[in-house]
Every structure is written in structure tokens, then in C-alpha cells.
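One chain, chain A, links the two complexes that follow: it is found with chain B in the first and with chain C in the second.
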Partner chain A sequence: MFTHNGRVSVRQVEIFLILQMLNTTILFLPKIAGDYVERNGYILPLLASILGVIYVFCIEGITKRFPKDTLVEFLPKIVPDFVAYIIIILFAVKILIITSLEARMLGEMISQVLLPKTPIQVIILVMLLSVAYLVKSGVEAIGRMGEVLIYFIAVSLVLVFLLVVPHGEYMQLMPFFQTNLRGIGVGTFVVSLIFMPLEIMLMLAGLMKETDKVRRAMLVPVIIVGIASAIIVLLTYVGVGFNETQRQVWPVLTLMQSMSLSGTMVENQEILMMTGWTFSIFIYLSSGVYFTSLIGSRSFKYKRENIFVLPLIPIAYFIAMIPENLVMAYDYYNKFQYYFGIWFILPVPLILAIIARGRRNSHAK
Partner chain B sequence: MQNKLKFIAMTMLILNTSFILTGCWDSVEINERNVVMEVAIDKNQDADLSQPINKRDSYQITYTIPDRAKLSGKDSLAKDVKSSIVTTTPTIETSVDEVESKSQNTITFSHTQAIVLGEELMKDSDLFRGAIDGLIRNMEISRTTNLLATRGKAGNLTQEDNEQNPILGLYVMKYFNNTERPVSYAKEQLVGNMIRELEDTNISTIPVINTDEKGAVEISGAAVIRNYELVDFIGKDVVRGQLFVEGKINQVPIVVEYKGSSLTYIIDTEHSKITFNSDGNVADANIEILTEGNITEYVSTDTKNIFSIEDINQITILLQDEIRHQVMVAVNKSKEINVDFLNIGLQMYRKHPKQWQSYSQNWEDEGYKSFPIKIQVTSTIKNTGMLE
Partner chain C sequence: MKNKNDTSNGVTVEDSWHDSENKINIPLSIDLNENIKKINMLFENCMDIVKREVELGTDKKIKIYGVYTDGLVNREVLEHYLLSVAFDYKNSECEIEDYRTPTQIIMQHFSATFDVKEVDKMDDLVKAILSGDTAIFVDQSEKALVIATRGWPGRGVGEPNAESVVRGPRDGFTETIRFNTVLVRRRIRDTKLKVKMMSYGTRSRTDVAIMYMDDIAKPELIKEVETRLNKYVIDGVFDSGYIEQLIEDSWKSPFPQTQATERPDKFAASLLEGKVGIIVDNSPFGIIVPATLNVFYQASEDYYQRWQIMSFLRILRYLVSFLSFTLPGLYIAVLNFQPTMLPTAFAVSIAAAREGVTFSTVAEIIVMELIFELFREAGIRAPGAIGHVIGLVGGIVIGQAAVDAKIVSPMIIIIISLTAICTFAVPDYSLTSAFRLIRYMFIGLSAFLGLYGFLIAFLITLIHLSSLESFKVPYLAPYNISDRNGFNDLKDTILRFPTFMQTTRPIYARAEQRRRLRVNGDNIQDVSPGPNSGVTNGQVDRKSGDETE
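Let's look at the complex of A and B:
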């Protein structure tokens, strides 16, 4: 009954973005932050939030000029058609690749921790098919699913925090502020890529019920995820130990394993983190598949928005299976984010906003 | 009709999905699992050294598997409730493979409660490091599993009969989960914590588990590890000093002589702090210890006994001296074996990172040995019990 409404509320967008930002990167964020500023890694997500706010203004700068339009509609109004379609295709390809790599990382993680004997192909395919079923019902269904899942994720995260806080070795954070400014600068930029899902607002802003609240819908997730990430990094250092964090592939998962609940009802407490994270990835994959499909259907001016959903599943699956192993998948995932993560949250929206403003001024004259 | 068909199709699809999502490749019925409760890892002394390292059976690992049916209930009186499987293999993982071939059921380590390391294994840093890596790399054994050391062979210890609890892993779990137990002679060590300590300072301690002449299990003292290699065993008195320095003492009796009689003071809470006197250069370390407790035992023919401010002050001074002496035992031992298991260097790095740079180079050689350490104890007597 709620399907194919095609419009989402501000609250749904906020939840949607929060869940997307809590993607795989969160699981190794403490390690990334530690690479740049060592034990002070927890300050990077907070500083990165400032960059996140800049990304928000860049994206809002372009979307507010074209309320009710998605990237597919407003881009040809700013730049020549062929340039517009090149950018749109690049955007769709980028979303599809990062979604596929995210699916692969999910598969690797589930294989490692939960289902070692289940083939990774089955894990990825089952997840993608579940995603296809949700996405088929449109953006509002994804928004509503997010509203349901956010409670499970929030409860898992709060439980994680409550378990770690009393047992942490807070001396791990010392010595304080023994780092250089270059490390802080580069680290802040790299960590700010956790806000990459903001790029989806280039499509989603046009599907909002209240288009005048786009900025708020982006700012709230940036602040919440910035703070949550800082807490996660801090707790990982005090729970696992800084040096050990740098050795781990998935330090946040190790954090959960480091809390001793021996002899109690719960012994495999890492499942709490896994639950929240898996739900979050489910929404991430849903978003990736949905918006790639939406770009296709709007570009070809099809009425049905989900027409490309099923054809995209095997493509996403095959991209996900390209890396031969975890090491390769991890490398591809990080490099792809590092080199392509920034394009649609800063340069592209900024350049488009400048061109759009220039054109309006020239029309005004 | 069409709607009904759609409903049936959707219901079937959802039910099917729930089956698909159970992960049937990995499902094993609980009664088809052998839950390993403790693992004893030793160096195989009979390994053929002429073999290449990947073919050499360097490890001797003993797995203890309880018979769950006989163990039902917390205080089962059944006998022969466990079976042990001994393997000799080149790596930990090949050992798991071998034990699977000797067991009718699937082996699981998800509830393993204790890992016991043999003395010879701890003396071989490569094997020791390999064992820890093998245990945690594929997350088969939790990082919160208790780690213990033993003098002699760990396999012998786990196969012995223990009258209190036939399963040593369960004994260890209950021992360390018992929060009412005084923390006085042994410091709990978990796999993850030991790795963290070794990553931070290259130094860690592991509690020692042994049996006495009568066969009773005792956990006290510790094995001092540096760079994944056993340096020495330290006695329970030294571990008590270490616990004082780490602020982990709880419900521990301190006995002093007062006016010709023994007086017992039980420490309820203890806090400690390591500070450094620094005016540009760190000159010495100061271990500050605060204790709070009660007098629980004292016999005197004096009418007023100890219920006066003068007596309490004098007793406090005696207690502080005794505690200082107990801490000094640990400081002296750490200097004697030249291993900073009290983490003085780590604290200096954390609090005075710039000054630490001048010590870090030769801390392990001569720096720690010659570094002055002072101890300052402040004790509080809260009450004298029900008697004056």
C-alpha cells in the first residue's frame, strides 16, 4: 500500500543517510584514523564533520536550484547534453561499483565470522536478491525499512558502547596530541569520505516531500555519524589497544570480541556489532541498486522506476566477485573510495553550482 | 482470486527466504558438536629436528572434550566425564584438522574457557608466537579466553583428575568469574589482553596453574613473558606487589604485629597511580598507593584494645610499612630479572613522551634497572569490627 509513492520525508532521509554512512568503512575506521594521527584518531571524525558540512553546502548549493528534480533532470539544464550524460553515466557506474564492493566486503565478513562454510557467492547473491525485493517497491519502502532497522542498529550500538565503556583501558589514549598538522589534515580528508553517501542526495533531494529541508536532512546525519564514529574509534583504542588495532583487519569487530562476558548468557557478543552493521549494509546496498536503477529509468524516461533493478543484480554480483580474495577486495574498496569518493560530494556539485549561478546571472542580464 | 494467488506466492517466497537465510551450509546440530573446554599447548620434545619446519611436529596439543550427557547439572557426580585427544602437528590449524579426524563429532572452540601453555613452549618464542597467532587469526577461539601457564607439561595438567571440577576449563572460568574471591596472588590474563600488552611493551605476565603434592589445583604466581618468550616464573608474593601497583588488590588480608599480637587488616578498595618527578628531565618514579579497609582480627587483653585514635594512627603506620614492603618485593624482582612488568616505562611514555625518548633506547638494557622507584602508601582504617 505504501509502494511507488516515490516521495520520502525528511526523517526518512536522515535515517537513510545515517545508515549508509555506517557502512564497511566504520569497521576499519579506527585503523585508518590511527594511521594518520596515532592515538588521537578519535578527533579525526569530529574534524571530518566540518568537511562534511562543507560537502552538505556544496550539494545543497546545486539541488536547491532545482527542487523536485534529480541529477538526471537538472544536469542537462546546466551543461550540454553529452556532458550531462557522461557525468550521469559516471555517477551510475560509481554507485554500482561501490555497492558491489560493499556487497563483497559484507560477504567476506559474514564468511569470516558467521558462516565460514557457506560459499561467499551464496551470501552475496542472497543479500542482493533480498535487496532487489525491497528496492522493487520504491524509495519510500527503503525509507520505511530504514525507519524500522534504525532501532535495531541503535540498540546494538548502545549495547556495544555500554559493554566497552566500563572495561576500557583509557590510558591507551595517552600521550595526547603527539601528532603533526599534516597528519591531521590528510587524515581529516580521508576520514571525511565516510560522508560519501551524501552524494546520493543529488538524486534523493528531488524525491523529498519537503524540498526546502534538504540541508537539515544532510546536516543531522553528518553530525550524528561524526560523533558516533569518534566514539567508535575511541572505544576501539581503549578496548582493543592502539597497537593491536593497527594490526587488525576489522578492529571494531575485534573490539566486541575483547569484552569478557564469559560464563554469562551471551558469549559471542560480536554478534551485536554484526547485527547492526549487516542491517546498515542492507540499506546501503538497497540505496545503491535503487538509485542506479532510477538513473537508468529516468535517463530512458521509463515510467517504471524499478525496471533496471533485476538486470542490475547479476552485474553487481559479477563486479563483487572480481577481487580474488579479501586482500584484493579490501585494497580495491579502499582505493576506490580514496580516488573516487570525493568527486560527487565536492568538485562536481561545486562546479555545477558555479555554472548554474553563472548562467542565471547571464540570463538575468 | 488473483490477489489470493499473489498472497500465497508471497507467503511461500517469504518462508523460503527464511530458510535460505539460516545458513544451512554451516548448521550443525548441537549434539553433533564436541565442545572443547580447554586446550593445553606444549612443545613436542620428540619432534624430528631433521624435518623441514612445515613437516616438523613441533606442537603437542591436548584437547579436553567433556561428555555433556554425564555433565548435566552443575554438580554432576558422574565419573569419566571427559576425554582427551592428544595431537602432534606442525601448526595449530593442522592440529585442529587432526583432532577432527579423531573425533566423531564436529569440534568447536566457541565455548573454550582456558588455554594452558607448557613451560617448554613458552621458552620457544617462535612456537609461542605461532600458537597465539593460530588461536586468534581465524577467530575460532575468543580473545576473552583465559590464558594460563604451567611449570612442566600443560597436557599432563589438563588430563589429571581435579576433585573440585573434572573439567579444568570450567574450574578456571568459575575461579575468575567469582567476584567475591580475594584478588591477591594471581592476575587474570585473557588472550586479547596478553596480545595487547605484548604489542604495547613486549612484556606480559600469565598466571600459573599447577597442582600441589595432594593433587589440588592452585592458581598463583605468574610467568613473565618478554617478546613471546618466558623470562622467569615469579612467586605469589611478587604478583601481589604487581597487583598493588596496578590497583587491582581486592579483599586482601594484611597482617602486622601490633603490641605483641597479630593484627589483620582486610583491604576493601585499592587505587594506585604512577607519577614522575619532572622538572624538564624525569628523575624518578613514584608509585602512590591508597588503600581502604577494616581491622578484622586482633586479640589483646587491654580493655580499650585498639579503639583509640592513637592506636589507629600507629596501626596505620605499620600497615603502610607492610604494604610498602610487599610492593617493594615486586619492584626488586622486576629489577633483578630486568623486566619492567610493572609498566613504569609505559607510564613514562604516556605521561612524559618527550622525556621518554631519552630513556627508550636503553630501557631494556640498563635503563630500568638503574631507574629510581619510590613507593608511597596511604592507608585508611574504616572500622575495627564489632569489638573495641
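Let's look at the complex of A and C:
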């Protein structure tokens, strides 16, 4: 009636993308934005949303031509097989690396806030095994899981908002709009990489129930996350202070630590608020492992789409353990995102769409 | 002693009459003596079976052979409406010629009941005899008669023990299937309420009734229920619990995937929502499918009292059910790994209470949890009065003694007691059983990784629930498919909206039957439940309705 069709609804895709975009980057987004436009950092996510819309149209440009296909199926129809396989392999490797680095960042965060004495290897491995459990249940389960987790994340965000707004130091935002255009341009591009999870739509669009609503499924998350990110940046500046934001590695975490619910039985409430963010990362990791596995199984034409899940876990683990420490992990993560984040949300889909259009390639034909 | 029917290879003649599913595959004979011989062989050494051969009529005698099970028949029906009429019968040649077969004569004259039918299979006859009906074999006829004479001592309709209410009907299901179907029929006087009967268990031949609203339940759901019921061949079924476990989606899950209820009002209400009900003879629990997590938090009383208080109680139920499996784990995680989360005064108080206690917090929790489970089990199994004593001894005497002896700290007693009370506040027992089990996962992971472990345990539980289905309906529905019915299904979840607002049936119902409440006089075609409901202006929207689900 509702299940066992390996497909996800528009709403599930929207939530799925929102959760993925609220990944680790959000935790240091205020710092990145501040680096380019200083105290006006909150305008960058809004401007980045415009770029996000461009990414949406690029990806939709190619996926709408092959409504029921994933990248693995439609790529060989557009370019020669060997080129297609190279692109597919690069895509899978890229997803796996960024997923692994995300796992490492999560491990570092958990280690810093919750488990300073526990080896980070244990933290990462436990999370990856939990991810494997979800991924083995298939894309429907991931979609449903996202629909439940979004409630927790929404509550966390609203809580942060309500606690910071009354006590914010709004003078931190002054002076308004005194920045250079180059900073805005580059900053907008860098911040727009928070929409990198849109690349997943190259695979996910083919798994949607209503393939005619791919654009909507991407636009809604871009707009919501753009606004949410702007609010988070703004709240961090007024809650932590701009200078302090620039000093911290994860200023949003500092923001959470600065909050307190007076009169409650619980102290150190940032731990509770971090829960929402951890759920978001969990969905991000699940998505990474799932789609890497899906690329593998579809490339080798296996019926079981989760056949590569367990072999991928140790690979992801070892990649996650490559950086020697937090600083190096942070550096790797930023550089990887900076240099490779854009490829599958703008150039690749755009070029593929142009070629497909030139060759009059589409699923219908 | 060797059976007189034994053949050379050790297989009795009687054995050879049964197929692999224990059905009797022998035809009825036109010769009454032949049928008597077969019946005697089939019921050899069955002293509870009453058999008698009599001749009816005067001018033209008809030989008949009656068989029934002593104790399973209503003797009043048998003697007053069948036997006394039969023995007084005086027929004539012309009368006999008016009818085609001897069985039709019997049906016309001797059965003062509507419920009599001709049967031509020995298997059906034997099943009827063992179910309390009376079988009449007639000489020179290839058919026999089955007369409904069922009647046995049974428990009367009583108040449900597991689902009592302050306000609401007091009648509950009993062990007799026909009483139970009647209790439902009394509530839904509609020809669309269908009751399909089937027999389950090759030896027990237990009656099973599948009940549904023909125009509301989705055909694919009804078919799925029938398919699953026919999937296994089992020797005996003695409670609906057998069926429940055979038809559920995932045997690995501790969570109930069907809803068991003793309440006919709840059962009937579920049928009106498009679900399918299963009633099993000898079981006072009916089964309802599909069952999602949400329904286990719904009590019948929720709909009989005002929505404000019932919504409040719903919130409370969700909260306490969460605590019922997380509280011990949370306590361990906070106390062992994040004590800074506690206010200083509270943390000092706990530390003072723990002074002198030799065991670790984890050991304390696990030991006390197991002891509590022991008390619970002993309390249930022990006879009534002793059960209460066990509760007193366990709860007060041993608890106090354990604290005094510094085996456990007072805080642990509070945590375990609170957890137990939380467990009892959830309306459905089978759901709390699942919580009792997963509680240990929370304890283990929290002991291992503190709050991170607690979070992982929570995620694992959510993953499991997200991947779980009940008859192809996501277990977490409507929370994760809330948009499918225009968000209307959320009106009966954590909050119970006022009755007049609950205008639509849940997603289980057919799209064209979603509307369940409207203002009198309104055209049903004027109302549209929501953008994705599948119903627009009374028509099924094929693009957004069932087809896309």
C-alpha cells in the first residue's frame, strides 16, 4: 500500500535535503561568513541561496530528461561509457570522502563535548555501524527516519532562537553593510557550498515518486536552509560576539554553551541542543553511505542495493582516521569542500544537460 | 495393543483417509451402514461422541443416524426441536413422493430451525460434529445434514480486564467467537460489515473470523490478511496470539505489529477506519491490522470524554512511555559521564545517598530492574491474594531492606519505581513489553558511552521503528506520512482534536471513503479534506489519491 517500492515522496526528499544541509558546516558557518564580510556575515547565506537556486536549475536540467533514472543509468546515455564510469567513480569517491570527513568531525565534536576520555575511533565506529543499520533498511526507511528527526531538530533550533533573541547583544551587528564587493562575491560562493548536498539529487531524483516535482523538492530546502543559516549566523554574532566568533573553531557550539534555561533541573543544556545537530549529521552520513552503496550496486547491476554497505563502513572509517588531529581534519574538510564541493552541483550537471540537449537525449526518446 | 485398522505397513485405514493437512478425503456413501462404519472408525475410542441409529415414519420408514458431541450441543434445541418432532412423525407414501431426496424430507419436517444445511463431504461433517453441530446421515442419500445445535457452557460477556475505562461500554470479548462477532455486529448494523469465516489449525480446527467494512477497507489489505493467514499450516491455534505472530511483518522486532483488544467498541471503531479485524475462537482478544505505533497510545475512553483532558493525557502517555525505556539509561549516562548537567545541590544529594553503596550505578540499575521483573512475574503468576503480598513484600520490605543494607541507593529505588509506573501508564500491554526489553539496550549503551551511547540507542530505536511496517503501512505513520491525508491523520495522535474536527478517516481507508463526518445537510461532494487527501469534490483524485500511495 505505502511501502516496498524503493521510492521516496517529495516531502521526504525536502526534509532529507534540509537535514543534510544542516551539517557540520553550519557549526562554523558564522566564522566563514565573518572572514569575508565581517559583521554582515548573515547576508551571505541569503545571497548564497540565489546561487543555490542556480544549482537547483542545473541539476533539474539534467534529471528531468531522465525522470526514472539515477546518475548511473542516465550518464552512459549521454557520454561514452568510459567517460561515464570515470564520472560515476569520481562521484562515489567524492561522496565517500566527504562522508568520512563528516564522521571525523562528528567524532571530534562528541569527543570534545561528551566523551573526552573515550578513543575517537570508538565514537566514529559506533556511529558508522548505526548508520549501516539504517542504510541497510533502504531509502524508504531513511526518508521516514528523516521525517521523524526533523521534529527534534526543529525544536532544537527554535529553542536556540528563543533563548538567544531576548539576551542578544545587537550592537555586535554594527556597522551595517560596510564591506567590500569582492568579499561578498567570494563569500557568497563559499557559503553556497552548504547546498552541496543537492548533488545527491543526481541519484535521488530517480527514486522519487513524483518525478515532476524535483525542482520543488530542491527549492524548498534551499530557501529554508538559506534563511535558517542567516538566522544562525546572526544569532551567533549577537549571542557570542563577533570577535569571539572569529576566535572559535565551532562558534555555534560556543553559542549553545552560552545559553542556559534558568530554573530547570538540567545544566549544560548545550548537550541537549547538540542532539538535534547530531541527528542531522546522522542523516548526512546515512545518505553518503547509502548513495555510495547504491552507485556500486547499480553499476554492477546487483538487485540488492545495500550489498556494498558493510564493505564501505571500514573504508569510511579509515578515511575518517587519516587526519592526525582536529586541526588537520578541519583543514581537510574545508579544503575538500572548497575545491570539490562545486563540481557535481554546477559544472557536471550543466555540461551533461548541454550535451543531452545537443544530442536530444532524454528518457522519452 | 494393535489397532484393528492397522494395515501391513503400520498405517491405519483411518490415517489413509486424511491428507497432509489432516482433512478427511472420503466420500459419503449412499449406503447408511457404510457411512456408520466410517464414522465409527473415525470416532473410535471417542467416548464423548454420541451416535444413534433410528427409524422415522410409519408407512415408509427412513433410517437415519445421528451423531453429535456430548457437552458441545444445546440439548434443549436437540431434544425439543429435533428429536421429539422426529419420533412423533408419521408419514405416507404420497408425501414421500413429493420430495426428491430423503434429506429434503428431514429438512422439511424435523428441523425446526433455519440453520440446517446439506453437506456432501465427510470432512465438513466431522468438523461440524466436533464444533457442536449435529450430523444426520440418511439412508439412500449421498448427502447428510448438519443442524446447528451448538451450545456449551462459556464465560459470559464481562468487563475487559486489560482495558478498563471510567466512561464507556463495559462489555468485552469472550472466548466464544460467535458472541464476539455479535458484539461487533451490534455496533455496526450495516450490510457492508463482512464476516468471513475460516478454519485454522489442522488438528484444532479453530474458527477464525475476518471482519471488515467492505466499502471502506482497501481490497489489497483484505487480500494481504487472507494471504498471510493461509501462509502457514499449523496443528493447533489456542489463542489469537498464535495468529498474531504468524501474520506479523517482522518476527525480529519486539514491537507489536498488530493491535490486540478485548474491547468490541475499539474493534468496531477500527473497522470503520478501514482496518481489518480478526477474531479467533477461544480467545477474548481480537486482532486489528494494520497497527502503527500511534494506535497503542489510544484508549477507547479518549473518544468518550472531553478532548482537552484526553489530549493532556495523551501527551502524558507519550512522555511517560519515553521515560519508561529511557530513564534508567539516562540516569546512568548523566551520573557516570555528565554529572555537570545536574545542579550542584542535586548532584551532592545523590552522592551523599550513594555513600557506602558498594555496587556501581550500572550494577545497581541492572540488579534492581531484574528484581522488579521478578516481582512482576511472580505477582502475575501467583494466585490473586498472594500476588498482592508479593507486591508489598517486594516493593516495601525488600526495597527498604536493600537501601538500609547499602546494596542500592534510594535514588535507584526511585528511578526503578518511576520507570515501572511509567510503564503501566501506557494503555497497551504489548507495547510496554517492547519497552521493557529495549530499556536494557539503553542501559548498556549508556553505561558504555554515556549520553552519546544514549543517543545511539535512541537512534537505533528510531531506525528500527522507521524500517518497521505493519501490513505495508509504515509503523511510525502518521508521523512520517502526515502529508498524505492532508495532515488530517495528525488530529488523532499526540493531541486528540475535538470530535467535530475529526472529519476524515485515516490513510488506511479507501480514498473515496475518507470522509466520515459532515454537517447534516451538507453535500458530501462539497467537502474536501485536504490537498493530498485523494478526495477532491467527492471524486477520487487519481493523481494524488491511492495510486500514489
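Here, the second predicted complex is superposed on the first by the 348 of 365 C-alpha atoms of A that agree within 3 Å, B and C clash if a C-alpha of one lies under 4 Å from a C-alpha of the other, contacts with A are read in each partner's own complex, and residues count from 1 in each chain.
We take it that a contact is a pair of C-beta atoms (placed from the backbone, for glycine too) under 8 Å apart; a residue touches a chain by one contact, two chains touch by 3 or more.
Keep in mind that what you see is a predicted model, and the values were worked out from it rather than measured.
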{"item": "Contact breadth on chain A, by residue count: chain C or chain B", "value": "C"}
{"item": "Which of chain B and chain C A:171 touches, first, second, both or neither", "value": "first"}
{"item": "Partner chain(s) touched by A:254 [first = chain B, second = chain C, both, neither]", "value": "first"}
{"item": "Which superposed partner A:126 touches (first chain B, second chain C, both, neither)", "value": "both"}
{"item": "Chain B versus chain C as contact partner of A:118, first or second or both or neither", "value": "both"}
{"item": "Partner chain in contact with A:137 - chain B first, chain C second, else both or neither", "value": "second"}
{"item": "Which of chain B and chain C A:148 touches, first, second, both or neither", "value": "second"}
{"item": "Contacts of A:278 with chain B and chain C, given as first, second, both or neither", "value": "second"}
{"item": "Partner chain(s) touched by A:243 [first = chain B, second = chain C, both, neither]", "value": "first"}
{"item": "Residues of chain A contacting chain B in one complex and chain C in the other", "value": "114-115, 118, 122, 126, 130, 267-268"}
{"item": "Complex contact set, residues of chain A against chain C", "value": "1-4, 9, 11-12, 110, 114-115, 118, 122-123, 126-127, 130, 133-134, 137-138, 140-145, 147-149, 151, 209-210, 265-268, 271, 275, 278-279, 282"}
{"item": "Chain A-touching residues of chain B, taken from the complex the two chains share", "value": "17, 20-21, 23-26, 110-111, 113, 138-139, 142-146, 173-174, 176-177, 190, 192-193, 195-196, 199-200, 347, 349-351, 353"}
{"item": "Residues of chain A touching chain B in the complex", "value": "112-119, 122, 126, 130, 169, 171, 174-175, 178, 240-244, 247, 254, 257-263, 267-268"}
{"item": "Chain C residues within the chain A interface of the complex", "value": "218, 220-221, 337-338, 340-343, 346, 449-453, 455-456, 459-460, 462-463, 465-467, 469, 471-474, 476-477, 479-484, 507, 548-549"}
